[in-house]
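Two complexes are shown next, each including chain A; its partner changes from chain B in the first to chain C in the second.
Here is the complex of A and B:
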């Protein structure tokens, strides 16, 4: 399988402690553009739901007069999902609860440059 | 433009986030430039929506513009953020007096005197209202003597003061003048109803009330005490007021249907847009629930959305409700989460209290 412009970024993100996978997703339809996932992670489901959540957050924040959403983090009992958008692409990370979300956030913010290319 | 206004304007231009808008708005108001004063106050409230002094300023501007109901509402907001604000109670007493609601005016003025027993203008106002009600002035506790009062009368002579018409067209009351250490002088006065359509002449105690209502800073309250709880039950908009303090942040508690249960979200123009914001953002939690069902990650606990201007954090509220806090984008994420935790604890105790 050939490398995509996102391969290095995704691999670096997935190497973070507690990260189960990362992917680049189309915001409009939730389809995976590229991914780096551990075995057992339901990539298609995560991508679809993360895209839907991000889109909803972006539209809601805009409607509430709070500007454009940049970063969305969903925290649950047994894990978390983070999404950051640029243009029509999203960078999505799914992680365990023990993951350092501060570090993941910083890595994702750095990685958005790749989405803009 | 006076030198003082010019200086304050320059200072505000240099530091738009500062509280200089308060003295600037007040200076403009005193010069009669109420339109400019209003703009300055509203701009300041955009950045400091929970600042009691800012709402107090807006209330006094509203009085100058003849908008008594708005003034009352603003002073009501002041009391949410600074429950012991004597100036706000005095101002509300004035508005009620002008509306002919003497009983209520008396209550607010009595509370103002309780909060600041040394304020001579409040004593004069309360004496006036009690005379209008035909009540004995001796019900009032004597004002504490202050060194500055020595050698001069404690109160200026009370003027003949028009009243709003009550049940009858003309009201006769017995006048009284509180003279310092409890001595009361009575005289007969005829108070005529105010001419319809025209504004009421401003009694001296009112001018003093409006000019001198410099409130003491509100002390942060660590927890809800029973009196506050009772007040909150009357107006849940103030549920998070003491947690918010003067910071650029806000909190809302929504019920399972997305309706606002408590909290406020004041827009830049002074409107409370809590319902609109709550309705828009509550959809995000529905999306989160759906995602959690499919991903088998357990119940969702928190959603944080960072936008260009703000950080919004959502958490499940009591009884399938939703708690929403928003803070200025410059606030560190950790502080926003901490604020969310504290607001969640407050929301739980509030819902248990009303259940």
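Here is the complex of A and C:
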């Protein structure tokens, strides 16, 4: 796959300890725009479901009068899925439990500047 | 959402797809345009129209792909302002069927693709053994269509 404007930020995210993969996803469609995933991560599945989850979370936050949902994190038994949106795009990260979620969050917030371009 | 089928083995895969993907309409039909199952439609005339159009679109798109690339186009997606339509072939041991679904912001193309793949697998698993081929006569098409529509809308 040829390099996209997101290739560098995705590679930097996936290099973080415990991160299994990262993707840029179309929020409306749930389709992967670009990804950097380890073998075994079902990117298409995660992308579709994470986009749906983020959209619902955004609507929930709005309905609750809390404004825009900035950062959505799903914690599971063996890891977490993190999502952050800018415009029509969503940055999704899949990480193991041992990953430093604070560092991942900082890196994802920094990476959203690329999404805004 | 109500799911109505002509053949019972179609019901569970179709119902699970509709529940998982949160679509507005779903239709499974034979390439000839005969309906096998539907969800979300309220009038028989709408099912007839959708089946006829879906069969024609699928056949035309397939031929267009053959002309352009030597291989038929399979999956079609059109995004409208409020709703989107997705048409794809569903392959089973009993043969090829056409699947059509309409969805809005409650779902997404990614979700529909994801759950359609699962639907196709379940449909293929649920399909009963192939029966001996019967001669399909044009004169029986309308009779079979009316019978199927009556079965779908509880008038059989």
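By our rule, the second predicted complex is superposed on the first by the 117 of 117 C-alpha atoms of A that agree within 3 Å, B and C clash if a C-alpha of one lies under 4 Å from a C-alpha of the other, contacts with A are read in each partner's own complex, and residues count from 1 in each chain.
Convention: a residue touches a chain if its C-beta (ideal position, glycine included) is under 8 Å from a C-beta of that chain, and two chains touch if they have at least 3 such contacts.
These numbers were taken from a predicted model, which means no experiment stands behind them.
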| item | value |
| --- | --- |
| Superposition on chain A - do chain B and chain C clash or fit | fit |
| First (chain B), second (chain C), both or neither touched by A:51 | second |
| Partner chain in contact with A:77 - chain B first, chain C second, else both or neither | first |
| First, second, both or neither for A:60, with chain B first and chain C second | first |
| First (chain B), second (chain C), both or neither touched by A:16 | neither |
| Touching partner for A:68 - first (chain B), second (chain C), both, neither | first |
| Centroid geometry (CA): angle chain B/chain A/chain C, rounded to a multiple of 10 degrees | 100 |
| Which partner, chain B or chain C, touches more chain A residues | B |
| Contacts of A:30 with chain B and chain C, given as first, second, both or neither | second |
| Partner chain(s) touched by A:7 [first = chain B, second = chain C, both, neither] | neither |
| Lowest C-alpha to C-alpha distance for chain C against chain B (Å) | 9 |
| Overlapping contact positions on chain A, where the chain C interface meets the chain B interface | 45, 49, 52 |
| Touching residues (chain side chain B, partner chain A) in the complex | 267, 273, 276-277, 280-281, 283-284, 287-288, 290-292, 294-310, 312, 326, 333 |
| Complex contacts: residues of chain A adjacent to chain C | 25-26, 28-31, 44-45, 47-49, 51-52, 55 |
| Touching residues on chain C, where the partner in the complex is chain A | 105, 107-111, 113-114 |
| Of chain A, residues touching chain B in the complex | 42, 45-46, 49-50, 52-53, 56-57, 60-61, 63-81, 94, 102 |
